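To start, the structure itself, in structure tokens.
Chain naming follows the written order as A, B, C, D, E and F, and within any one chain the residues start at number 1.
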Amino acid sequence: MKLVTAVIKPHKWEEVREALAAAGVAGMTVTEASGYGQQKGHTEVYRGAEYDVSLVPKIRLEVVVDDADVESVVGTITSAAQTGKIGDGKVWVVPVESVVRVRTGETDEAAV
Amino acid sequence: MDTGYAAYAAWILASASLVLLMTPGLALFYGGMTRAKSVLNMIMMSFGALAVVPPVFILWGWSTAYGEDVGGLFGNPFEMFGLQDVPATDYVYVAFQVTFAIITAALISGAIADRVKFSAWLVFLPLWVTLSYLPLAHQVWGGGFLSDAASGLSAKVFGVVDGAAEIAPIDYAGGTVVHINAGVAGLVLVLILGARRGFNKEPMRPHSLPLTMLGAGLLWFGWFGFNAGSYVPDAENFDLEGFVGETGLVWVNTTAAAAAAILGWILVEKIRDKKATSLGAASGVVAGLVAITPACGALSPLGSLALGLVAGALCALAVGLKYRFGFDDSLDVVGVHLVGGLVGTIAIGLLATSGGLFYGDGLKLFVVQTLIALYAVVWSGIATAIVGFAIKATIGWRIDTEDEVSGIDFVEHGESAYDFATTGGSPFKTGA
Amino acid sequence: MDTGYAAYAAWILASASLVLLMTPGLALFYGGMTRAKSVLNMIMMSFGALAVVPPVFILWGWSTAYGEDVGGLFGNPFEMFGLQDVPATDYVYVAFQVTFAIITAALISGAIADRVKFSAWLVFLPLWVTLSYLPLAHQVWGGGFLSDAASGLSAKVFGVVDGAAEIAPIDYAGGTVVHINAGVAGLVLVLILGARRGFNKEPMRPHSLPLTMLGAGLLWFGWFGFNAGSYVPDAENFDLEGFVGETGLVWVNTTAAAAAAILGWILVEKIRDKKATSLGAASGVVAGLVAITPACGALSPLGSLALGLVAGALCALAVGLKYRFGFDDSLDVVGVHLVGGLVGTIAIGLLATSGGLFYGDGLKLFVVQTLIALYAVVWSGIATAIVGFAIKATIGWRIDTEDEVSGIDFVEHGESAYDFATTGGSPFKTGA
Amino acid sequence: MDTGYAAYAAWILASASLVLLMTPGLALFYGGMTRAKSVLNMIMMSFGALAVVPPVFILWGWSTAYGEDVGGLFGNPFEMFGLQDVPATDYVYVAFQVTFAIITAALISGAIADRVKFSAWLVFLPLWVTLSYLPLAHQVWGGGFLSDAASGLSAKVFGVVDGAAEIAPIDYAGGTVVHINAGVAGLVLVLILGARRGFNKEPMRPHSLPLTMLGAGLLWFGWFGFNAGSYVPDAENFDLEGFVGETGLVWVNTTAAAAAAILGWILVEKIRDKKATSLGAASGVVAGLVAITPACGALSPLGSLALGLVAGALCALAVGLKYRFGFDDSLDVVGVHLVGGLVGTIAIGLLATSGGLFYGDGLKLFVVQTLIALYAVVWSGIATAIVGFAIKATIGWRIDTEDEVSGIDFVEHGESAYDFATTGGSPFKTGA
Amino acid sequence: MKLVTAVIKPHKWEEVREALAAAGVAGMTVTEASGYGQQKGHTEVYRGAEYDVSLVPKIRLEVVVDDADVESVVGTITSAAQTGKIGDGKVWVVPVESVVRVRTGETDEAAV
Amino acid sequence: MKLVTAVIKPHKWEEVREALAAAGVAGMTVTEASGYGQQKGHTEVYRGAEYDVSLVPKIRLEVVVDDADVESVVGTITSAAQTGKIGDGKVWVVPVESVVRVRTGETDEAAV
């Protein structure tokens, strides 16, 4: 089992979700995140004082997948989330040692 | 009609508008105190009152309150059904009075937050207004049993002079009709409905105190109409100085009591909890305004300061009782409106510059004020129990426990209050 | 000047203040309905109206509306340019009228939310007020073509009696000038500007319904000034009972319609969507108030209840049309103000206690009301189209599509609405 | 008493209510500008003023402002202690005046946001009101040194005619007493207290601009009472047309200045920062209202437009000074109220239609206005310094630096402003 | 060392926290998350327009534990968070190479 | 590749960001989090009723780094985030199997 974590642009979320669903990924966990990278934040001015907002909003997805599906899932996310502009995000993969479905206690492949 | 009366009309129109604003103000005051998952329902209970009470009041409400007396208890509801035959110049009174009925009904909602079917609330409103509010309004202001009528309660106890009770009961703007009435109704409903799941176990923190502070500000503002708008003029023989002097006094007393009650409330907090809270300040505002409501025309500004201070402190102590006794009066309608209403109504017997014990005028007024307060408790208790049990036995009051946990806003209204997601396509929502 | 007139002055000053408050109220009503990334721009469109319209009105607006008649269409804008030679006692009218111009212009903004350059809006405001609002105000209230003038529309159709139209068109407080006018302008602009990116595909949920409810409460409150402040007195020969009676009736009718319209709207929702929503209740308030605006002096309270109920239900049905026909009237200015304005203006022909079909007075008033409503649609449509296309052809209306997605608040105003980050040095911001 | 006076009474009651609302409005205006971790404390500083000032004013405030003159500096505080012997018809003045004292004190809080012990603030309030506000109120409005009294400043400079100063100083509604006074007090306290930790290093963004816009809307609304309610009638010989004409003019001027000041402020922003912000618009509203406050009865509407435009632009430039000079006037009380108050008070010497330089009446009024403005600066500066240093030397002003970082709301009030957690049992809280 | 990540229903948080405390787990990091899976979101209607809220609120816990404690921690969470209804959540385990306590610089076992 | 996850005190964020930038780390992903540990929450009182707020606000950073940089990145964060008081937070390191830059499809070292 692997854990695929993807950081994407928020307005791409809907497309990524649909692409993953089409690819048979039925579950994932999503968090709101902020990104720091080549894509710069912006400057706001309040009563003449400048505020640097250095972070940009991102969506962070976590999907636990079978080893066999890793490549396809990473590919699906990558192509669905791509706009070609700086700040499109990253996807990384981490090994998972075990998974449990809380409701049933099922583990590993059966739990995803 | 006396020319000066036009000035009064300008003021009562402004006052009616101010009192109307109190109900949206209350919606925010209460709404800020609920959790984010039930703020819309809380607000909707007030808007429900805004929707249901005016038709009721136009159809039979005005007539039941101010129509021909039936046994001292209520007015004939059919006499001016649909406002037929109401003289045009009476519409300003209809305007003013309908706003009182709306806010009184809306006040109750705080006691039963987070757990009531919206349909049950919409059914409760016309029934309760008809059985509890309108009769009490008639009895106090429509020349009924709690007025100074020769056939009234006070007259029965201390006799009649010149065709009216020797000791005229005092309820300037609604200590009995509005606050005791709403407070008792809240208590009775809580006892009938039961507590929220998790009451006294889980934290149920206010989700937006700025909203509550805003609500408190709007309530204070509107209360000037409530109190100072309650001046009763003589249209044909308008008393200029009476109008200017009495409304001015009422305004000052209203502010004095609200200010002092903030101090009273946060003083108790500072001593008991070590910190003066903003929720305490907002609550103090309301406690002081509740207490001064019946008394605002009868006290001096110094007396009003004293009343406010005491009422603020007592209500601050009273809101803890629900944990002691285990009734889930969610937003402290009992602790603030019933207690504050009782304090204000009864304290008149002590503090009234004319008739009060502290001004050397003996105990008679105190006894009368205590009696009308108790009478209001009983009337409201019985009327509310009838309506409350009837609804329980038929359509039922409560939403599912699971729905309570997931949040009444979505379950009853299909909405969530907030969505602070940073971007359009984002999947997040906040607030249930 | 009659002494009673001073009372009227007190009331119109209060009323002007109330109507001024409606525009910030509208800003919140609309602002709560947008997404968090565009709430500031929405609010700023109202504040833009608050900034631009008063100078326009002081410079040439008052004169264009109430100056010497030019062809029944508008007043001479130069006659009282800069309010020169306006008698001091007329300033209370200037005060009252400027607030109407502000709110009418601000109403339009809801139709074109989230996508308009702030500079384009600031240019639109004076042009539209000059070409659409002021002429219509003149025609209806300044003795022009839609008034009961002998040279007016109604007189042309049904003739003249005693130097005025036999059938006086009725628009008490602005069904045509304000609501039909703003509603048509919204529609025309939407057609010129086009839809938001993602319209009818992405969810665009209200980001803060409590803000919207607050806005609705402030609007209702302000509307008492709008309607009851529109009473027109005779300064020299003040009619005391007329003042008291008519303003009181208008107040009661205003509340009756708003209340009933809440019921109408949420009833439709309950049947269609299974849930009564708080957005529906807030929308019902506005729909009812819109519909009663022209009618508030002509109906009985029962008639007002009926009108409110119908208007609430019809507007609830109408707001869905934009999805059917694909025009992105973002916050339903058409569905609420145009539809509500038409319903109210035309229903007068049925429900007016004097002149209405249902009161046995035939169809004439109905015809006249329908004609003035249609005339207002046409005038506003043409005037708005001229201004709208002129701006499109020159500076352009829309911000970049990408900027629309990332949020107009930052792009146009360099701000984000909210920052609920838990700590000072925290990097998070919400709502941009 | 003249019958027309009753109309004035109706208006001043409404006005007093409007001005009372300004303080909760200010609480939100300021509260929205703070960070989420200190919004409650900011609001509580206003509610503290609402709690403390009314008792002070009832006990000795009214008497100190309007009691028997003592050396032109203040009234005898014991003469009408506790409002004893105040004629009933004067209560409407007490009502109106107490609201001025409350809001003036509350204004100061913006300068010292996020860092002051609530107890120190509660001690500051009565002392400052007594030493700075009440004497200035007496001197300007109570017939003291800044009035047109024969023993007053203007009389000393330009002589006496008919028992009063030839050149009557003009401060219609409080440019000196309210705005210069609060602005100077803010500045002095900032200098005594020092800056917030992180000032000019960390971003301290407004946490909720919609709250600030709402506050600005309520302030504008309330300001009609503030300005137009400041009309002074002759109760026995009521001037009908004077009342109608002057209050109407004041209303229009108030709106003209506020509108133009939005334009002035956002124009500066557009040029300097490339974007017109909503915070700028809200600030412009207040800047314009501040500037017109002393001038609203003396200018024409065109003059008011000019004053507003200039005041908006100047204040927009002035708020940057604190970064240049390094004083942490957190929410720009100096930049808006001191600068705006000075601009308005002094500009009267130029723009007054009667007496102003631009109207060909020479420089005398300009000199007088400048003198009273400077006098107010000095008086307020000294009085505030005395109170400020006294508190610093005894109980101390500041909370711990660490507590400042973690947030004053929890530290001083034990609360957090917001909790948008999605579910009841959820562990999250936001905004603390 | 392992990192145990658990996604649970929000109203179960209090019970999970208590169960973990009882099991001797003294620290954890919690984030608000949204879940997508078999448990469906709901539909909201605003002025007649339907909005599909496809995600459901979840709580996401991270606990770094000694290898020896993994099984007991996963078990504790699983049983405390269980309601038996769809959407109870998932628990997964990932290997950790090193841990540092920022305050002291202590590492690995001593840092947890 | 490794994934360094750090949980720190929110007011240290600015310093950590600057220290990382100085150390050449150009990208990271940040989430708002709540911590539970030795640092205790606080008690709030509303109308006399006490509410225990058991969690304290934290910032959670994720940085994907080359194997070679792990130590220096962990060290940089640790020293920048340190106040010496309880609650300073934790840093842990997890192995990463692959990384993709969404915009370009670049992988691993090139993707960070």
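Just so we're on the same page, a contact is a pair of C-beta atoms (placed from the backbone, for glycine too) under 8 Å apart; a residue touches a chain by one contact, two chains touch by 3 or more.
All of these numbers come straight from a predicted model, not from anything done at the bench.
S.K.: Steps needed, at minimum, to get from subunit C to subunit D via touching chains?
M.R.: Each step joins two touching chains, and the minimum needed here is 1.
S.K.: Taking contacts as defined above, which has more of them, A-D or A-F?
M.R.: A-F
S.K.: Nearest whole angstrom, what separates the Cα centre of subunit A from the Cα centre of subunit B?
M.R.: Each chain reduced to its C-alpha mean, subunit A and subunit B end up 52 Å apart.
S.K.: Distance from the CA centroid of subunit E to that of subunit F, rounded to the nearest Å?
M.R.: Taking the average C-alpha coordinate of subunit E and of subunit F, the gap between them is 17 Å.
S.K.: Give me the residues of subunit F that touch two or more other chains.
M.R.: 11, 14, 17, 30-32, 34, 44-46, 54-55, 57, 94-95
S.K.: Note the residues in subunit B that touch 2 or more other chains, in rising order.
M.R.: 3, 6-7, 10-11, 14, 202, 205-206, 208, 214, 273, 275, 277, 279, 405, 414-416, 418, 420-425, 427-429
S.K.: Show me the residue ranges of subunit B that touch subunit D in the complex, using the header's touch definition.
M.R.: Counting only subunit B, the residues touching subunit D are 3-4, 6-8, 10-11, 14, 18, 35-37, 198, 202, 204-210, 213-214, 216-218, 220-221, 224-225, 228, 238, 240-241, 243-249, 251-252, 255-256, 258-260, 262-263, 266, 273-279, 281-282, 284-285, 300-302, 305, 405-407, 418, 420, 429-432.
S.K.: Subunit A touches which residues of subunit D in the complex?
M.R.: 203, 205-206, 269, 272-273, 275, 277, 279-280, 283, 316, 319-320, 323, 332, 335
S.K.: If we count contacts the way the header does, which residues on subunit A are in touch with subunit E in the complex?
M.R.: So the residues of subunit A in touch with subunit E come to 1, 3, 17, 26-32, 62, 64, 94-103, 105, 111-112.
S.K.: Name, in rising order, each residue of subunit B that touches subunit C in their complex.
M.R.: 1, 3, 5-7, 9-11, 13-14, 16-17, 20-21, 23-25, 27-28, 31, 39-40, 43-44, 47-48, 50-55, 58, 82-83, 87-95, 98, 118, 208, 211, 214, 412-425, 429
S.K.: Residues of subunit C touching subunit A in their complex?
M.R.: Per the stated touch rule, the residues are 202, 405, 410, 414-416, 427-429, 432.
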